[in-house]
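Presented sequentially are two complexes of chain A, the first with chain B as partner and the second with chain C.
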Partner chain A sequence: MATDLAPPPVKAAKVAGHKPDRARTLWRYRWLYLLLIPGLAYFIVFKYVPMRGLQIAFQDFVPFLGYNGSEWVGFKHFVDLFTGPDFGRLMYNTLYLAFLNVIFVFPAPIIVALMLNELRINILKRSVQSLIYIPHFLSWTIVASLTYILFSVDYGVLAGWVHEILGGQKIDYVAQPDWFRPIIILQTLWKTTGWTTIIYLAALAGVNHELYEAARMDGAGRWRQLWHVTLPAIRPTIVVMAILMSGNLLDMSFEQIWLMTNNLNRATADVFDTFVFYVGINQGAFSYATAVGLFKGVVGVLLIFGSNWLAKRLGQRGLF
Partner chain B sequence: MAGALMLTTALLASACSGTGGGGESSQADANTITFMTQLFGTAPNPQGELHQAIEKFLGKKIKVTWVPNADYPEKVNVTLASANIPDVMVVDPKSPAFGKAAEAGAFWDLTDKIKKYPNLVGDEKVLLNSSINGKIYGPYRTRPLLRSAVMIRADWLKKVGLEAPKTTDDLYKIAEAFTKKDPDGNGKDDTYGLIIPKWPGTTFAASSPFNVMDVWFGAPNNWGERDGKLVPEFDTPEFFEANRFMKKMIDEGLVNPDWNTLDTAKWNDPFVQGKGGIIIDVDVRTTQLLDLLKEQDPQTYGDKVLTVGNLARPDGKKFSLPFSGYKDILAVSKQRVKTEAQLDELLKTLDKLASKEGQVLLTNGIEGRNFKVENGEAVLINQEDPKVKQVQDDVDKAFIQLGTQASTGTTGIAYPRVPPEAPYRKDLAERKERVAEDLKTAVFDPSLPVVSPTAVAKGATLNPIVTDARIKYLAGQLSEDELKAEIKRWYDGGGTQIAQEINDLVAKLGQ
Partner chain C sequence: MSVNQYRSVGSRIFDAINIAVLVGLGMITLLPLLYVLAGSFASESEISSRTFFLWPEKFVTSTYEYIFATDVFIRALLTTIGVTLVGTVIQVALTLTMAYPLAKRYLPGRTLVLNLVIFTVVFSGGIIPTYLVVRDLGMLNSYWALILPLAINPFYLIIVKSFFQELPEALEEAARIDGATEMGVFFKIVLPLSKPIIATFSLFYAVGIWNDYMSPLLYIDDSSKWTLQVLVRQLTGADAQNALSALETVFFPTQGLKFAVVVIATLPILCFYPFLQKHFVKGVLIGSVKE
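So, the complex of A and B:
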């Protein structure tokens, strides 16, 4: 096996003559191509074939009539979406949350990783690291229940403390539209930061120690080392993570938001993802929901290309 | 993208088979009937005694897809989009997805046929209510027409020295006393009057405590006539009157502070734990409350719940909120039941199931096994035997859902089940009087039989406008003018068209 995977020896005769034909290359790397098949099959079956269903965004889809029987309506659902009362609110809420994610959630693991990196007591470093990534394994349902337990106005433990210490009106945090975004961001921070930190810690582990020594020789303090050695060293990782994130910028965590939504905060809480579920599965308006989802997907793709382009312009290596 | 793909993956299964007439593998087996319905416990075993008894009675095999009640509407929508629609599906005829599927011909239109099956017709008025603009897609599952009531902590009422309420003002006074006069006598300020849970869903007339109060104050029940035209509940002065009343109660802390996040499943808890003292809901909740209070104290539980009917508004005029008289219908799939002959055969079986004997099986169980009949009532027996308990559970938590002429309340043709204890018997006896009295002032919803096409098309985005706005108004996030502006937004977004269609459709039905 190992020998098969090794690159073939370059034969002198080949260099002189014609190109190796395709079939022969295929045969030569047959094991590699074989390895490709399961992955390819996965994407075709679960990602590309369902795309056929996207056509219902342009139909008045009735499941009983199927794709072929349903009436084509062109861009009607898109027009409904763009001119309807929901669009502005959905766009605003989604972008606002995305913005908060960029500001607060994205840098958090970098900061935590840098802080952990400065810790010299290994056992402390390890235990802190383990503790903060545990929430990653809890489901959103549990996180939401915890939030309700801690912050609801009648039974909430934390809400009660805040009330006792600060006085004033009791605040129903989980039902106030103003508190919706802070709660979502806090939940996300609590749940995801520790886990994402692992990637940055891995990147930090690869930094050449001689660089630090050299910096110290030049008289750099801790802050200087951080700024001139550590940060540049993990910059490629940060850029790749940023590009990856930009594609998912409009993908809010559906479960999280769905679980935290109620009548009072719906105006703040509705994002494209929850709206698609509500309209599509709950209300049975499949075509409209698909149009919404498709629109969101297109924006996501544009964002990925955009940020990739931006990364290249800034002199970084992009994803592609 | 994830959202769109999630949807289309769910729908993909339907792609091949949904070709207007069904795929090849969906041929119904003449000897097996497949059902889909709600489930409130664990799914019964097909080898179980009750399942077997029903099959024996029908002379046919049955296969039921049991779906937990909480997930039912979603499961219905996904099923409608799949190739696996069962022969008979318990479904809300007014749900947009069902309406579209029915219109496209996925279900049999039984308008002209159902009369041939006497047990399936039921009450003609209710049957019409369960139709889509006069088109009947299946027998309805009967429910008591009038179920709205007020449950009050009777021991608290005694403590604060007040009488059973007759008007909304009385209710306010009781709620105030329950909040301020320490009705549980523990010396702490830890009680409130009215308990309201988070009302799920975004349909406006969802029989919430809010809707009950709207009607008490004289607003229409969902839709009603004003100056010769039908208008929605929320476009009337009485609606605002009712909401001012509720807002006052909420502002003064007479309502549980978590009224918009309290889970409906936990509605009974504050009442039973002595935190709040009033619940406005369907009268069968009294039974649940008695059950829970009995666990606490088997001696005095009977003195703790007082149930009264609908209340009059301050000027003494009384209006009561009736319900639709049904909950879901049994729709027959055209994809599975292809020919008229097959349909006839199936309807015969359903008719048999809807006979007294069939309904007794579904709602009471097996006579002599888990119940006996005494004075025309079902009395439970052998409940200590785990096997009998299984039969009882299968009845109560599952098969009762397939009953069309049966209900846990007092409607139906099966034997009423009355617990032996005095408080339950007293409640049931009073309930009959109460219902008879309240029916005299019932405000019926003339729009029940009709479905507005615009409401179907735009409901998903229109429905939450007013439901949310009302809640926000009550929570103090919107002023009354802003609430009015939201109602106007509803009209502008398509409500005007809905109103027009409702008016036209009701006129056409000649109601």
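So, the complex of A and C:
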């Protein structure tokens, strides 16, 4: 009944034709279109104009000469990237972290949500939930600072305690390349797990209770109910979250990684996003950095469409 | 509902372990924050010897007194508050005005605009091209660079649009019959009905700007325009000593300072947290419902 809700219709057109029709539509909804303009302007200026700027990945961009004056060099920067010494290291570091994310970060909220779901002391359930949501609202700078305060050798409490209790060498965890990945994963777990449980808890709240009744009648214990009722019920949610995650597979959280990177752990720390910033902004290699960013962006799009296609092939509802 | 299944030994052990693990998770979340809070009130000697844990033996406020007597800190705090307030108003205004027309199913061109918005979630120009646009607009070292490039969060936009679609349409229709203009309907009917969601997303946007570190890192070189997050980073990072050489005359990076500045940057978030919590579950849930 959408048309009923529209503003009062104007008189029918006297002259048929495409153009006047369009003009009339514009005039009829002029206030709505007017409201739309500022937001649309935002998306054009800050999202679509930068897409035009991607062309500098195929140029030797000189800011002074601009987009039109700079020389076109084709795929030179991509060739440099793929054959250069950075690519292997960036790909390895990025994929390694992505892999650790899939193994540890992705299942964590599912497990916590299932555990919370089994908790029948309501006040305890709500207290734990309130606590584990908090880190989501703290900035990565705060999380990084907490990490430095807890882990660094100078004033880190954990480093100090571990040294006092276990003895041995005092380890400067935040400066060790080997400790970079564990620290990043711990940070991500701490900051994101609680928040993501909300989505799974919502899915769990929607499970039909008669299914549990039926399972119990059939003699299913708590484990079997979990396996045969609860998990299948939240499977669509898990699939959607997996698709969303796959698109972001190469998108390590820039702020997080950047904040934890220092000259000592750069070998394991550099990922595509921080590399783009480092090479582009700090060293001024705009074109090369843009080529790196474009490569990452295209792979991300392919991943999200690919996993969506896969999800549908496997009989699940995809995102689109 | 049958309770028998919970009486078996295995079931009880499961419950006990479950409770222990979940309480443990809650503690792990809370302890670092409490530790930093305690540390910010501890004396320098207690921090270096780490004799305090959740309560300092000697309770001192000298670190805070020192911080609040420092221009650099006050300026960063005021900058952050100002940018957060102005930015949130702009973000909420732009989100609401864009979401309203997009909620009108009969509006020609609506699908096109929605697709344009969603496409930016999947694909973007990336860091460098966006940086060049901001630079070409002359916004480097301007507070606008912290606000305008983030003016609309597409996810929030879609959620607000869904919310507007759920509003009872009869109300708007009645107002139109009474002679209200489209603008009148939006300002007098729709916005007053949307107070809860406006509150929710105001808080979300405010937290986003308050916490933003990437924008100042990209767009602000001038240390007199630093925000609180940049200052936190400069004071507590691994390279704090080097980064601070420029500021050495005003700041002596004592350990207590690191604790206190983290507390101050976190406190507003924690103060607003109860209000956030009231709304966010609903916000997330509306967002996760597919159209």
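One rule holds for everything that comes next: the second predicted complex is superposed on the first by the 274 of 320 C-alpha atoms of A that agree within 3 Å, B and C clash if a C-alpha of one lies under 4 Å from a C-alpha of the other, contacts with A are read in each partner's own complex, and residues count from 1 in each chain.
The definition used in the following text is that a contact is a pair of C-beta atoms (placed from the backbone, for glycine too) under 8 Å apart; a residue touches a chain by one contact, two chains touch by 3 or more.
Just so you know, these numbers come straight off a predicted model, no measurement behind them.
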item: Which of chain B and chain C A:L116 touches, first, second, both or neither; value: second
item: Residues of chain A touched, compared between chain B and chain C (which is higher); value: C
item: Contacts of A:K170 with chain B and chain C, given as first, second, both or neither; value: first
item: Which superposed partner A:F58 touches (first chain B, second chain C, both, neither); value: neither
item: First, second, both or neither for A:I132, with chain B first and chain C second; value: second
item: Partner chain(s) touched by A:G84 [first = chain B, second = chain C, both, neither]; value: first
item: Contacts of A:R216 with chain B and chain C, given as first, second, both or neither; value: second
item: First (chain B), second (chain C), both or neither touched by A:I304; value: second
item: First (chain B), second (chain C), both or neither touched by A:Y200; value: neither
item: Partner chain in contact with A:G284 - chain B first, chain C second, else both or neither; value: first
item: Chain B/chain C common contact set on chain A; value: 46-47, 49-54, 56, 63, 148, 152, 155, 174-175, 254, 262-264, 273, 276-277, 280-281, 286, 289-290, 293-294, 296-297, 300-301
item: Residues of chain A defined as touching chain C within the complex; value: 2-8, 25, 29, 31-33, 35-36, 38-40, 42-43, 45-54, 56, 63, 112, 115-116, 118-121, 124, 127-128, 130-135, 137-142, 144-146, 148-150, 152, 155, 157, 160-161, 174-175, 190, 194, 198-199, 202, 213, 216, 221-222, 237, 247, 254-255, 258-259, 262-264, 273, 276-277, 280-281, 286, 289-290, 293-294, 296-297, 300-301, 304
item: Chain A contact footprint on chain B (complex, rising order); value: 1-12, 14-20, 73-74, 77-78, 80-82, 95-98, 100-101, 103-106, 198-199, 256-258, 260-262, 335, 457, 459-461, 464-465, 467-468, 471-472, 475, 477, 489, 493
item: Interface residues, chain C side, partner chain A - complex; value: 1-2, 5-6, 8, 10-11, 14-15, 18-19, 21-23, 25-26, 28-30, 32-33, 35-36, 39, 47-48, 50, 93-95, 97-102, 104-108, 113, 116-117, 120, 122-133, 137, 148-149, 151-152, 157, 169, 172-173, 176, 181-183, 186, 207, 210-214, 217-218, 229-230, 232-233, 236-239, 255, 258-259, 262, 265-266, 269-270, 273, 276-277, 280-281, 284-285, 288
item: Chain B partner contacts - residues on chain A that touch it in the complex; value: 46-47, 49-54, 56-57, 61-69, 84-86, 148, 152-155, 170, 172, 174-175, 177, 251, 254, 262-264, 266-267, 272-273, 276-286, 288-290, 292-294, 296-297, 300-301
